[in-house]
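Listed next: structures, encoded as structure tokens.
Both complexes shown next keep subunit A, but they swap its partner, so subunit B is in the first and subunit C is in the second.
Let's turn to the complex of A and B:
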């Protein structure tokens, strides 16, 4: 039945594009309902749906798919972020045709993201990464603005390089494995006498994934893509696309194919630490709200990679928990940036100011999400960072633990600076008539803020039931 | 003899790829890409991979070229002045790339890496339906979806231009 996560979005896409009247109006409801249903299925694994008999469909679609704790968290995050993007897209896009095209691309991306999470074959994984990438290119350049087209081109070129590296790596591993399933490749790498070939292939695959994840020094495309994409697409990219294509795939191939080893862990921790520092320092120097968030994303993804590279069950659990938290609070911050851009016409922080009185909900949610990013208790970002730091300290990586703590201070500095410049003080002259954003932006803000608060307060439940089991992917 | 022929075909592949990238017109680029796919098809046939060869020829050389040429028909060609400027820019920016390729290639051949790997045989006995619909069904659907995303992208990005 897992194939339904891939097939249903594609069927809905085809149905919506049939030449019948009224389908355009149904597009939003169908896309939104699908995302909500996906979240429901993950949250309630004992629900009626899983007991239904789909024998005739099972006979038709013989996909080799699987899901575990990490996959469940990812499917939930995918459903949530695509839902937010669909919701914002309904209000931001002007005409019905534009909306239908936007939802169609999001449905293709949804199928691609679900496929990335569920497949057990490395070539299929590559195919689904490409589906997500192609739909992301189209979504970034959706309004054909010059800077967005330029960012798409950059992303496309670097993504092509990543693709070459990953495909070359796959072909090298096939030489010793003779097949592309995760288990076959894992066995082949473990038992192969060709150490050089294995290391070379793993190095190439990881480099490709670092590009897809936008980690330093492979982050050239990320900032432009995040900052010049339409608001709803920025949420999609920062919230889930980069994480699924880069970070999740990194976790999956490292645990299921390459097998976690100390050298791989060391490389990951180094890349993670460098990304944390460079991302945070660059974020501090930004004047544009969205560019600051983009650099902040690089830094926070560095934390996830650092925790995962630590290689202990606690470190991986911390990384998975931070991945979930980052999905929520970074999506919220990008929704806030959309509210600011729509209501004020700019995202330059030196032109904004005193907006807390005009946009109180945006200001409060931005403060909560920002403090969670910086790791302030009792918000969820604090707990996930704390777990990562404890795991690093416990496994003897003291320097990395100190870097993680110090970088949190830099994060706090740029978050407070952003809050001060955008929301505090007296409103600038041209900001006098600014109002709170429309429901299309406010409702996602409320939903994400609620999740931030709940996951901070009920972190033991999330840790115990989701993050710690997911941390067991490394055996 | 066989090895020499393969190397000649590989060289032809590189030349076709270079022509695809360096040629002045987009249409010629699309034709160049189809040519690259056709040469790759020959190589795949020679390496006992007829299924991959047929797939390469029909999808990459055929279908994708049709998508590219349809897209190009929706664009406005550059003026001669712009074309010359582009050519000059490209040469000044990327003149060193062929040298890097030659140096890296020579270095790798001097290293004389021998891995002693027994390359697994390609699937030649199985029915094409068995391979595409049973063994790689998910990839097939995935690749159709990539094409669908590409076609959607073309429709979205070029619709306005066509109206104008």
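Let's turn to the complex of A and C:
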């Protein structure tokens, strides 16, 4: 059944690109319906779809796929973020052909992301990561603007180096395992007499994933790519692409192949803490709205890795919950940046000012998302950070817990400074005639704001039913 | 691991390491975008060879052949997109110099 998550987007992609008239108009509806259906399937695990029986199809597509709690959360986030990108793409692109190309690339990315989440074999994982990366490259340089092309080239080279590191590590493990499925490799590494080989392979694979996730010290490409990509693509990249390719893969590979161990946990916590501090300090110094969000993204990913590196079930649950929350509020902030960019023509914070009265919805939603990023109760970011900090304190990592708390203050500082410079005060000279954004941006804003509020108020439900079961991936 | 396989291991390993060094040198020294991509290709070729070697040593040559064919296809896709980006950069900058790629600033 699960292979339909990969096959259906590809079939819709092929169908949409058939040379018939009228298909271009159907493109948006089909892509959006697909994403919504994916979210529906995750939310209702008892629905009819999971009980369907396609014996003849199963015979055609022999994939080895599996899903667990973490995978379900990822599938939901993928559906949501791709839906929002598709929705914004519909209003931002003027031309029908452009729209079709945009949706096609997003559908390829959707298939790739679903594949990353579902596979149980490390080589297929590599294939799906590359599919997602290639469609991200093309989406970033979609309008062939100069800065975007430059950022794409940086991303491309670093991403290729990351895949080379990962492939070298895979080859090293094949030397001792003779197969590429997660379970075979796990057995081989555990029983291998060559300790050095295992450590070397794990080190290379993790460095590749750190590049893909854009963690410090490999974060150079991420800021350029996020800030110069088209608005709808920034949402996609920051919301899900780097998370699925970097953080999710890191969690999956660490728990299913390498087996979680104390040294790996220490490396992850160190990288996480450094990312938190450097990302937050750099975000404080930015003048561009999107660049600030990109640095903030690095800092928040650091929290996820820190919580995961702690290694206890509570820490992993906190990391997964923060992954979900970060997907929601960072997507919301990037949607807000799109609204600002479209309505005012700039994303430089020194030129903006006093927009709260002109764009009330954008101002309120970005304040909510920002406070959630900084961890103010009762917004969801507070709960997930709290769980991570409790897990760190409980497992005896006091220094990291203190770093996590203090960096949260820096986060609050840059969020408040951003709010003050962009939304509060008197309108700057050129901002007199600014209006609230168009429905193409406002509807995603409302949807995401609703999810932020609901997941903050009903966090025990999400924690009990989704995050804690997902935290069981480490045995 | 048979004796014959082991005797092949080290010559191949030395060749792979040489390819990696040449590829890295090519990427680090040049200011030309196309040459950087050629260096990237050399690195991927080294990995491809390593994958084949790993399959041969561990006794699963057929599996790694399938992997290598997939790898080649994907690498072609990545390089095509990369050359597309380089082509567009050349149209905008009228040069292939990496030092011209400094328009993104704070």
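By definition in this document, the second predicted complex is superposed on the first by the 475 of 475 C-alpha atoms of A that agree within 3 Å, B and C clash if a C-alpha of one lies under 4 Å from a C-alpha of the other, contacts with A are read in each partner's own complex, and residues count from 1 in each chain.
Here is the rule we use: a contact is a pair of C-beta atoms (placed from the backbone, for glycine too) under 8 Å apart; a residue touches a chain by one contact, two chains touch by 3 or more.
Computed from a predicted structure; not experimentally measured.
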With the two structures overlaid on subunit A, would subunit B and subunit C clash, or do they fit side by side? clash
First, second, both or neither for A:61, with subunit B first and subunit C second: first
Touching partner for A:168 - first (subunit B), second (subunit C), both, neither: second
Return first, second, both or neither, reflecting whether A:156 touches subunit B, subunit C, both chains, or no partner chain. second
For A:112, is the partner it touches subunit B (first), subunit C (second), both, or none of the two (neither)? first
With the two complexes superposed on chain A, say which partner A:303 touches: subunit B (first), subunit C (second), both, or neither. neither
Per the contact definition in the header, classify A:227: touching subunit B only (first), subunit C only (second), both, or neither. second
With the two complexes superposed on chain A, say which partner A:287 touches: subunit B (first), subunit C (second), both, or neither. second
With the two complexes superposed on chain A, say which partner A:382 touches: subunit B (first), subunit C (second), both, or neither. neither
Touching A:146, do we find subunit B (first), subunit C (second), both, or neither? second
Return the residues of subunit A at which the contacts from subunit B and from subunit C coincide. 123, 127, 130, 134, 137-138, 141, 144, 174-176, 178-179
Counting only contacts in the complex, subunit B reaches subunit A at residues 113, 115, 117, 119-120, 134, 136-139, 141-143, 145-146, 148-150, 152-153, 155-157, 160
For subunit C, which residues count as touching subunit A in their complex? 27, 33, 36, 40, 43-44, 47, 50-51, 53-55, 57-60, 63-64, 67, 70-71, 74, 77-78, 81-82, 85-86, 88-89, 92-93, 101, 103-104, 106
Listed in rising order, the residues of subunit A that touch subunit C in the complex are 123, 127, 130, 133-134, 137-138, 141, 144, 146-147, 149-154, 156-157, 160-161, 164, 167-168, 170-172, 174-180, 224, 227-228, 285-288, 291
Across the complex, what residues on subunit A touch subunit B? 6-7, 10, 13, 61-65, 101, 104-105, 108, 111-112, 115, 119, 121, 123-124, 127-128, 130-131, 134-135, 137-138, 141-142, 144, 174-176, 178-179, 194, 196-197
